[in-house]
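Next up: some structures, all given as structure tokens.
Two complexes, one shared chain (chain A), two partners (chain B, chain C).
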Partner chain A sequence: MDPGVFMARYIAQRLLLLPLLLFIFSIFAFVIIQAPPGDFLTAYIAELSASGSSMDQAQIEALRRLYGLDQPLHIQYLRWVGRILRGDLGFSLDWQRPNAELISERLLLTVLLGLFTFTFTWALAIPIGILSATRQYSFLDYFFTVFNYIGVATPTFMTALVLMWLAFKYLGISVTGLFSAEYVDAPWSWGRVVDLLKHIWLPAVILGMDGTARLARVMRANLLDELHKPYVEMARAKGLSEWRLVLKYPVRLALNPLVSTIGWYLPLLFSGSVIVATVLNLPTIGPMLLRALTNQDMFLAGAIVLIYCALAILGTLISDILLAWLDPRIRMEGS
Partner chain B sequence: MSNDPAPLLVVRDLKTYFFLDEGTVRAVDGVDFAVHPGQVVGIVGESGCGKSVTVKSVMRLVQRPGRLVAGTIRFRPSSQSAQRWPLAPDGTLDLAALDPQGPIMRAIRGGEIALIPQEPMAAFSPVHTIGNQIVEAIRLHQDVDRQTAWEWGVERLAEVGIPSPAQRMRAYSWELSGGLRQRAMIAMALACGPRLLIADEPTTAIDVTTQAQILTLLRALQEQHNMAIIFITHDLGVIAQIADHVVVMYLGRVMEAGPVEEIFLRPQHPYTRALLRSIPSIHTPSRTLLPTIQGSIPHPFNRPAGCPFHPRCGDFVPGLCDRNTPEPVPVSPTQTVSCHLYTGELHGEPIPDRSSPA
Partner chain C sequence: MYRHLLRTRFWWIGLTVLALLIGACAPSPAPEGQEAAPPAAEAPAEEAAAAPAEPAPTGRYREAPMLAEMVARGELPPVDERLPEEPLVQEVVEGVGKYGGVLRRGFLGPSDHNNYTRVVYDALVRFSPDGAEVIPHIAKGWDSNEDFTVWTLYLRQGMKWSDGAPFTADDILFWYNDILLNEELSPTPALWMVNQDGSVATVEKVDDYTVRWTFKQPNTAFLLELANKDGADKSIHNLAFAPAHYMKQFHPNYVDREALEAKAQEEGFDTWTEMFAVKVMPHLNPERPSTAAWVPDGSTVSDQVFVLKRNPYYFAVDPQGNQLPYIDEVRFTFFADKEALNLAAVAGELDFQARHINMSNYPVLVENQDKGGYRVLTWPTFGGSDAVLMFNQTYVAKDPAVGELLRNRDFRVALSYAIDREAIRELAFLGLGEPRQPVPAPNHPYYPGDEWAYKYTEYDPDRANQMLDAIGLTERDDEGFRTLPNGERLDLEISVVPAFANWSDVAQIVVENWADVGIRAQVEIRERALHFQLRDTNDLMIEVWNEDTTGFPFSGQPKMDPRSNPGLTFGPLYRKWYETNGTEGMEPPPEVKRLVEIIDEAKLSGRERQIELAQELFRHWVDNLWEIGTVGLTPMIQGVVVVNQDLRNVPETAGNDWPLRTPGNTRPEQYYFER
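Showing the complex of A and B:
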């Protein structure tokens, strides 16, 4: 079959599956969010009484009816899905604002930070992997191995705390957030962009450390597998120079499975990291999800989780397409 | 032909060792042989005796932990390349002294000496088309544009008998059958008109009929291009079919070398004789057990002292064969043997000058 036709059919098949998968995931998302005992109002009342005030029973019941929390679970689910199908992501009980507004406010910065982290990770990890593999057992290789172990073994929030402390102690700067105080709520301007760039590198480095170490290790292992294959020796026997042949053949084959994982970054770009972003007080979607979950703000949490799932499915599709595009053998198997 | 005064390749005392944590593997331990222009030299020997390492050393393809530790590899490049390179007065170049990654060695690889590797099935990259890889081979050594190189590639594929070559250029190696893939490999190796082709067991992985076709093809191409071939195999039948000259190897050393008729009709070395006895012939009655060589090949770490074959040899002379390594001696103007039965040491005679043959 013509590869183009095959690819088109392959993508169409996968797209047809998308609604079904989303439906299944939406049930899971809803059930999990509902799983803790009580609902938003129980959490809210607990908070009120902790601060000394209270609400009478009639008020509570009225609110419960208003938000539909008095209905059985399946009715609540159907109402929620019904609204989403009409393009309405619902209303946050906690923030008392539409979820779509809350999410879109934080989306730009989340995606920007994600892209920064992603670029940093790949730009560093791939060359490190290549150098380590082609110079296996050299000083450089050992050095990167140690670096990678540290990168993988240190919890990212630890790195975040340590770097924050170091930056504060020795550079005298506070590195939480993505902006200096004067720009936090300012409208976008040239100055705000520059301020963002000044702040974004540190969270990007912290968030990227772990991924860089992992990716470099995988790249090294993949490349070591390829470096002794007969096609590499053949390329050498043709008279190709060492760097050209390494980059054209084994690196290409070692990269294929990695490049195909790029799709999996898509949901991460949307959500960002939860824990590190909370530690660093970043205005991204991750901390908002954490707060929605602790406060049982079910519609906000549900909206975020559902978008996350949709992006995960889409990301996997992108990965599969990339792999089929990069590796002719996959295209062949399919047809 | 073998008396041509100007050999294409003369390998002397070649030693290539692998330095492993467990010890040193002396894979090639003092190999001598020569190849004349247009000659087909067959290297034969049991698995692990160092055939592949020998030819990889010639092409300077041995990778760490392996290293070429001694010897000379004198190669005579074609006249047009010769002008640019620092040749010795006799017109040869010692490949053993060159930087394996350097420009001269890279120009020789693929341009002057081409390889058909032992595993042709995996020797094409699976994610690049055949055409891409052949064009690359051509353009590395010839100053032509992509379009011309592509046309040459199609011609080469046609020359090795691949049907609809223009389509095959766009195919991936795994889309071709074993026989076609092997032909494509030969086409790529011949792309730049090498003076010497090294074929490392090119027919072991394919069926007998295809094998015969490939051998016929190689022989035809060799005559057309007047190219020399080093043909590696452990199949003496194949050697008889294709080779002019035979080099018999055992444990990293050459046991016997000579014209194919002499080796087959008048084998001198006990190892060669044992090898020949172990192949069936039309005179062998059916259902008889073929003799096998007694014992097995020693592990590469504990190579026997003296003649490497002595533990398995029927003519073993205690005190001599297990002490002194025999050097090659001529037993006819064209045939040499490395065995104490011929060195004269057995009878107290001086060892003949080993530089006289070649």
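Showing the complex of A and C:
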């Protein structure tokens, strides 16, 4: 079979599966979000009482009816799915606003932060990996190895706390949030963009640290596998310059496993980090998801999780396509 | 001994150090030589009065410069026309203030809507700053007939909503007819409006500025209830007025139902009632006119920054005739994390904050006062106890042997003697407060006397041992712990939700203390929704919570009333018995029924009899010791107040409780910045 046709059919199959998978995920998401004891109202009442307020039973019942929480689980699910099928992501119980509005408000900054992080990670990790592998057991290699182990082993929220403090101490800036106080609710302007750039680098570095370390380790290991293969010796014997040789052949091969992870970034771009973003007080989707889950705001959490699932499926598909495009061996296997 | 405690203290010290370091590096915004001393209480009034801008010299009242400019541009009627004929004259704490400034606060997002409610405290009547009485607010006064069945409320002529529309009796009648009596909006009418026979009290318009409430039985809690009808909990049950001229467009009694439903769908709501419930709250819908000192400026509690701007029609003036509020704007900044909010307070980024300030940060806050440019006040609550152990009186239905012990008064008294309250005070409450039982504070009229406040609070393990022996718990198992009378292992569980304070530390100390007298117990730290659910299903043996309702035993949901829901795990099956009129649950013994009798009598009695009954209630409460108090009178509940050094007219001490809407009862509209 022609490789092109094979790929087309493969992609079509995957896309056809998407609605079925989403349907299954939607049930799982809904059931799991509802799994903890109580419902949105018990969580809400608990939160109210934690700040000194209390509600009587009549009020609680009225709210339960207002939100439709008095109905059986499957009816609630059908109502939710019904709205989604009509292209409506539903209404957040906690925020009392449409979910689509809440998500889209935070989408731009979440994706921006994700792209920054992604760029930072790849721009740093690949060269470090190559350097480490080609200069194995050199000072530089040991240096990066130690650096990487620290990066992998330190929880990112801890890094966030330490860097927050350092930035405060030495630069005198408050690094929580993505904007200074005067720009938080201002309309977009040149000043606001500059202000964003002033703030976004720190979360990007923190979030990228862990990924950089991991990616550099993988890159180093992959490349080391390739560097001792006969074709490298051959090319070297033929007099190819060392840098050209390494970059043109082994690096391309070593990138393969990494490319297969690119697709995973798609859902990550959407949700961003949860814990670090909460610690750093970032207005992204992650903290909103965390909050929706702890408050059992199942419509908002469900909407986010569902989009996340859809992006994960699409991301895997994109990875597969990229891989096939990058590696002729995979393309040919199909035929 | 307190291994667990040491561990948490270690963390706490770590955080303290971190906070200190951050505080230490914070740029100090306040110049060093600034006059820190606040003006004396009797500040020369004339001198201060010169401070506000001097616009409109012709009129009776003066206004903020930003409003004077709007008047000059013709965008706003003059201040004399905006104020009612008899504006509320607000006393000032220190002196007449200056206009201007932004009050910066922190909030935790959409479910922190009561943060707004507490700052504006927008009700027909209010609690006084000390919380001892109800005072006029939107309503300029009231009277009642002799037997307290008919209450008449007088409104202010010429008072206006924030959009300039008149505020009249119709705004109360709209609430009554179209919200309270509307079965779609209120399937069950708010309890405070329901007569004892189940019918709903009547509300009539006498004239445009007079409204009359008629109940079928004496109602002495009427004003207390009215003082809390300010849209709290963003619940329409907590309203007693609404802007009729604006809200009619969202109500099917005034517009076409189908068009309304379509509009609701379009805005993402399922039904018109859902839409109405949102549109009627100023902090959810900034277009909704309000009567508060500050009104939302286009943002809501679900935004990153929630901004309130001064209401040009606010109906109050200071003694010099300057329209309030003094401060231009209130800015709530969203914090995803409570600790981040606390750090912001330490760094001096918040001007006035008690809500969400963690009492355990008190030493750090005090340490950094000068650098952060703030001072720290403490406003302890009305009394009660900040960590109590509530014993489930109906656990016997689940486990007869353990349940019988929990029901045994002598057992509870013995366990109370076994507790080392000084250790709890030092280790969990930073040495603040005092060991006491859950009764009101000494300065409160309901205080039952020292004898009951400190009854059974001595640390006396010997006596505890004797009492436990006396009730027959003499057998011990091979670990040295007392066994149940039937010879089985006794293992008490204390359920703790880490909500306000180091309650898990308190419980841990209690467990060690009880082990010393041979009672095995363990601490179970639970997520609060789970804890609440287990409480409702009669599955908790003992829980730690705080007793914060001693100032209001006859209104709301007092924890001394077995019918309260939510209440503590006093007796979930007793509550069921009351709810079902005796068909389900468990019938309470006479001493529990006595509580209900006292509370019901007080609800129908005049003030003096109420005070007698309240004292009796608390004597009875301590004598039976269903709830063991440990330490009380600390500023644990929103009582550590961080105040900008420049902020004036903040009282040094104030009544602090949720029904008072603290700091609302301290009248934030008369706060001002001395800069």
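To be clear about the criterion, the second predicted complex is superposed on the first by the 325 of 335 C-alpha atoms of A that agree within 3 Å, B and C clash if a C-alpha of one lies under 4 Å from a C-alpha of the other, contacts with A are read in each partner's own complex, and residues count from 1 in each chain.
One rule holds in what follows: contacts are C-beta pairs under 8 Å (C-beta built on N, C-alpha and C of every residue); 3 or more make two chains touch, one makes a residue touch a chain.
Please read all numbers here as calculations on a predicted model, not as lab measurements.
Asks: On chain A, do chain B and chain C fit together or clash when superposed?
Replies: Taken together on chain A, chain C would fit alongside chain B, as the superposition shows.
Asks: Based on the superposed arrangement, let me know which partner A:252 touches: chain B (first), chain C (second), both, or neither?
Replies: first
Asks: Would you mind checking which one, chain B or chain C, touches more residues on chain A?
Replies: C
Asks: With the two structures laid over each other on chain A, which partner does A:234 touch: chain B (first), chain C (second), both, or neither?
Replies: After superposition on chain A, A:234 lies in contact with chain B alone.
Asks: After superposition on the shared chain, which partner residues are touched by A:287: those of chain B (first), chain C (second), both, or neither?
Replies: second
Asks: If we overlay the two complexes on their shared chain A, which of chain B and chain C does A:242 touch? Say first, second, both or neither.
Replies: first
Asks: Touch test for A:329: chain B only (first), chain C only (second), both, or neither?
Replies: first
Asks: How far apart, in whole Å, are the nearest Cα atoms of chain B and chain C in the superposition?
Replies: 47
Asks: Chain A residues touched by both chain B and chain C?
Replies: No residue sits in both footprints.
Asks: Report the residues of chain A in contact with chain C in the complex, numbered from low to high.
Replies: Going through chain A, the ones touching chain C are 36-38, 42-59, 61-63, 65-66, 68, 88, 91, 94-98, 100-102, 161, 165, 168-169, 172, 174, 176, 181, 184-185, 277-279, 281-283, 287, 291, 295-296.
Asks: Considering only the defined contacts, which chain A positions touch chain B in the complex?
Replies: 229-231, 233-242, 248-249, 252-253, 256, 326-329, 332
Asks: Quick one: in the complex, what on chain C touches chain A?
Replies: Touch list, chain C to chain A: 18, 21-22, 25-27, 109-112, 114, 186-191, 232-235, 237, 267-270, 273-274, 277-278, 284, 299, 302-305, 307, 333-337, 340, 347, 349, 355-356, 497, 499-500, 527-533, 548, 556-557, 565-566, 579, 637-638, 657-658.
Asks: Which residues of chain B touch chain A in their complex?
Replies: These residues of chain B touch chain A: 59, 61, 101, 106-111, 114-115, 117-119, 122-128, 136-137, 140-141, 172, 174-175, 188.
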